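Quick heads-up: structures coming right below.
Next come two complexes built around chain A: one with chain B, the other with chain C.
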Partner chain A sequence: MTDPVAAVEIEGVTKRFGEVVAVDNIDLAIGDGEFFALLGPSGCGKTTTLRMIAGLDLPTEGSLRIFGEEVGMAPPDRRPVNTVFQAYALFPHMTVRQNIEFGLRMRGIKNPELSQRVAEATGMVRLAGMEERRPDQLSGGQQQRVALARALVNQPKVLLLDEPLGALDLKLRQEMQQELKALQREVGITFVFVTHDQEEALAMSERIGVMSEGRLLQVGTPREIYDRPASRFVADFIGRTNILEASVESASTVRLDNGALIEAETSTPAGSRVAVSLRPERVRLQPHGTTAAEGSSLDGEVRDITYLGHAVVYEVAAGPVSIEVRVEGEVGEPFAAGDEVTVAWDRGAAAVVAD
Partner chain B sequence: MSGVVEVGLGRRTRRGLAVWAWAVFAFLYVPIVVLVVFSFNASSRVNIWGGFSFQWYGEALRNDVITSAIRVSLIVALVSTVVSMVLGTAVALALARYRFRGRRALDGTVYLPIVIPDITMAVMLLVFFAEAFKFIDSFGPRFTLGISTVALSHIAFNISFVCVVVRARLDQFDRTLEEAARDLYATGWQTFRRVTLPLIMPGVAAGGLLALTLSLDDVVISAFVSGPGSTTLPVYVFSSIRRGVTPELNAISTLMLTASIALVLGSLALQRRRASASQQTQVL
Partner chain C sequence: MGPARRSSPTAGAAGEEAAALARRRQGMLLASPGALYLLIFFVVPLGLISVYSFATRTSTGRTSLSGWNVESYRAIGDDIIVGIIGRSAWLATLTTVLCVVVGYPFAYYIATRPRHVRAVLLVMVMIPFWTNALVRVFAIRFLLGSNGPASALSESLGFGTFRILFTPTAVTIGMVYSFLTFMVLPLYVALERMDWSLTEAARDLYASGAKAFWKVTLPLTRSGIVAGCVLVFVPSFGSYVVPDILGGAKTLLIGSYIARQFRDARNWPLGAALSVLLIVAMLVAVALNQRSGSGAEDGGRPRGRRRGPGQGEAETVTAVAS
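Presenting the complex of A and B:
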């Protein structure tokens, strides 16, 4: 980041619970006004990282700064951050209004500012008219909005969201994704959100940090993460991909284990063992024997065809390896199981990932 | 093989069970009805009906020994209930929330007063007070058995009951609510006051109600640890029954019965009002 002061700056942070290392020596800087996603499978340490930013867990080692101020050991009520909890954690004995007011009251903010800010927040999440209801009288989506308003009304410098859409059904989830993005643009606050859903992370965030087993594996824009995964885990975790075992020939070629030489940029020294990630939708099927003007290709035989409605997935056996090819927007199926075909792709479609 | 499979009981069995249910009902309530009816008996003979009268209620309430016993009972019940609500809740919180040296041992023994027989508890407390007085008296002040020892003893067993009830409530408490409060700038104390306590309050209130009932009810322990002038109502009733059942005792018992029914109805009404209040807003 070129930003002079990062919104959140994590330096060498480790969190141990007894013997278990939940977060293992993480360095991360999140910029001011950024929509940042922490992505990873359950148990990867993403929630613990978020909780450390919130102050709900304290780091075992390392330094944590919010806008330059060290907060690593500060209690949650002394940090300029607020959290939207996974199951919202709305106070069941309070009305919507009382829930939203809570943070302001705790900081001693009085009327008329209090009611003005509550009204503003309520309007922002389109909850006007529901102030006197209790959380159990709201739908999941409405509860989510209350949780958002309850956090945003405090005008935090950073908003933390722990799997905010996890409890919603698919349709509502997609709606809320758009709303959250719009809301973030509107308030201009840094959003840090935790999710295990890679599509959600890709669709919503400006940058993504991929975590696994307590480590931060890669940080980058959705495009970087998807097209240039830094490791086999990232390539496999984000979207579907074909992983082909290979070794490096030169800076621009690698040899697959079945003997085929393909073009791929790499900085790994020649002779190293690597893997090549080929996205199913970035490869084409061609009649057997036709070669592309540029890029690389492999010959094989169609093994299986799966019709998905919006796409057709071909499983092609090329020697010992199996390659998944996803064809979208094509009428009919030009190839049948048993056909000899050529799998081709453009230069740059194949990404070399370290082991 | 057709038609509906007969899963219910036969008609004869059903009728038999209904008769049995009425018998149980009668067994439970006939003595109460007899007690209440005879408390309005104008005759001074307990078992002979001499017409309707409030006479014995008047006599009971004019009897200084009885009014004093009622006063003692009420004071002891209120003090022990309030104190054990606070202490019992504190113990439940400590056991549910914190790991400390001796937690397991305390967790196992806090319920002891519920299980051990009243008479054991009574002897235990009496011996304890005797030893404690010996110790305190060596510094000068003189303590004797009285209303304060009765109250202390009631607190001793009531803490356990409150603790059990509150603990059950705490076990299903969602701790992220407390984290949410902390995240929203509440201090530890504010979090307890605004979030934890209101949410466990039904448990605390139920424990308190139980404590109140147990305290008003206790005979054995109170009889052992009370001194002159600190006789509770149940102890008075128990000791005067040795001189024979009097219509006066019927009147007192009916009053106690009415008071405990009122207590239960009151708490039920409170719960129902809360439930219907939230239902009403749901409709809106």
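Presenting the complex of A and C:
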């Protein structure tokens, strides 16, 4: 890529805590103004990566640049980044105003600029009128806004968010997702946020980095990550999927272990062992024996039906493998347990993932 | 019918009241042995002391429990006694300040170690506390004596022998040593509760390490500092053993002076009046501390309920005792 200087550039960064390798040699460039998510299960190294960008942990090896400036070993107060902490870490002995002012005061910014910027920040997160309250007099959502204002008031070059919505209940979380996105568009600052919630990552970010066991497995847009997972782990971690064992036959076909030949694009050489990821909502059920004009199909028998309200999930046994089929927006249930059916999908729905 | 009647509002309220009464009774029952003990061995003697403070000393040094007067209280205004009280207050203040200065970094160090190391360090803090106070003070006396190791070391380094024993310096050293545990433990409790993500937030918001400590850690451990100061200041102000053994006659403090009134000078009313004064002063100090402790958020950890006045200290002290 020949894009201008990246907002955050991580090169060969490793973090060891004693014997434990928390982050294992990762490379990552996050663009200016990007909304980037670091996604992975707990203990995958995503928070450590974020803390290294913030300067709260120092990398054992590697280089870390913010807008081209090497900051890997700089203390947190010498970096143009601010953090929204997981449980917000608001100063309990200070009012909302004092919390928001803190960073500006530490940098010696005086009135009138001080109060003007604080007023702007409180207005931006809709906290006007709450300035004299203490954090323990605020609701979770309000505390989260204070944390945002406290960071954004400093006009950081990069805003880091550590599971920013984790402490909120579902409804508030969905509201805040929209608000955070809007806020990011408004301020135009690069947001890097850490989450273990794949739906949140898909819904909010422009690009996602999926991490597991200290490694960065795949970086891409939500669509790339979901439709073209690079590995079995990513396919399995993001959303629900059917993983079918297979081996490559040609550049456009793979043979499933049950013998069926299906269409799937792959660059893996013929004969390699691979897995095929088939999303439950990208496959459909047809009466037994009907074949589609294009795409592939498998014959099987309905084992189990789960009614979810907005969708019906069919468990279909196709030889030794079991395939989950998710049907949405259909009136009634055309198939019953025990029915012989054909599971069909369009070309491109099956993604070949390397082992 | 039965269950429906039981859940009717009036019956529910009555049941609640009865339960509350039972809880109160149970609480009183649990507290009564301790309360009785304190009544007999603390409140009654205290009452006797205050009675004696208004009695008259006869010319033979006996105490006559008649002709009640406030002569003894008036005698407190005497220059010598005012001087003694002033010196005691000064030494107690010095001891307290030194205990904070020495104890805070130490407690900070312990609180930031891994859990198993913390336990070992805490036991090490407690060991002198479990040793007989008299033995410890005599050990200090030996250490600081002109034939002791400290003097020998100073001489071998070419500074000559030193005379430190029987000076206020020796008393201060002894008091800091004796009361340091009372400072370290409440400080440890406060620091151990500290939410370190708050100092990280401060660092993230452009505070240097020192600024983060000053603006966040110190205010959030204030309850520990206050509790430690009360726990050190109160006993050092009235302390008797340490100044008696390390101070000699030149460093007469209020504790020794009171003891002297009861033993040698046989002026019980004056001794009693000074004791009452001391106790009242302590109570005022504790009450002030409790009031000031009400706003403290220990360590910044979120809590379910708001804390009442002085609860921070009370909790800290209990934690120390356990």
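In this text, the second predicted complex is superposed on the first by the 353 of 355 C-alpha atoms of A that agree within 3 Å, B and C clash if a C-alpha of one lies under 4 Å from a C-alpha of the other, contacts with A are read in each partner's own complex, and residues count from 1 in each chain.
Note that a residue touches a chain if its C-beta (ideal position, glycine included) is under 8 Å from a C-beta of that chain, and two chains touch if they have at least 3 such contacts.
Just so it is clear, the model here is predicted, and its values are computed rather than measured.
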item: Clash or fit, chain B versus chain C on superposed chain A; value: clash
item: Contacts of A:G103 with chain B and chain C, given as first, second, both or neither; value: both
item: Partner chain(s) touched by A:K171 [first = chain B, second = chain C, both, neither]; value: neither
item: Partner chain(s) touched by A:N82 [first = chain B, second = chain C, both, neither]; value: both
item: Touched partner set for A:R133, first chain B, second chain C, both or neither; value: first
item: Chain B versus chain C as contact partner of A:R223, first or second or both or neither; value: neither
item: Contacts of A:H310 with chain B and chain C, given as first, second, both or neither; value: neither
item: First, second, both or neither for A:A54, with chain B first and chain C second; value: both
item: Where chain A meets both chain C and chain B, residue numbers; value: 54-56, 75-77, 81-83, 85-87, 89-93, 102-103, 106-107, 136, 150-151, 154
item: Chain B contact footprint on chain A (complex, rising order); value: 54-56, 75-77, 81-83, 85-87, 89-93, 102-103, 106-107, 132-134, 136-137, 150-151, 154
item: In the complex, chain A residues that touch chain C; value: 54-56, 75-77, 81-83, 85-87, 89-93, 102-103, 106-107, 136, 150-151, 154
item: Chain A-touching residues of chain B, taken from the complex the two chains share; value: 174, 176-177, 179-187, 190, 194-195, 198-199, 278, 281-282
item: Residues on chain C engaged by chain A in the complex (per definition of touch); value: 195, 197-198, 200-209, 211, 215-216, 219-220, 297, 300, 302-303, 306
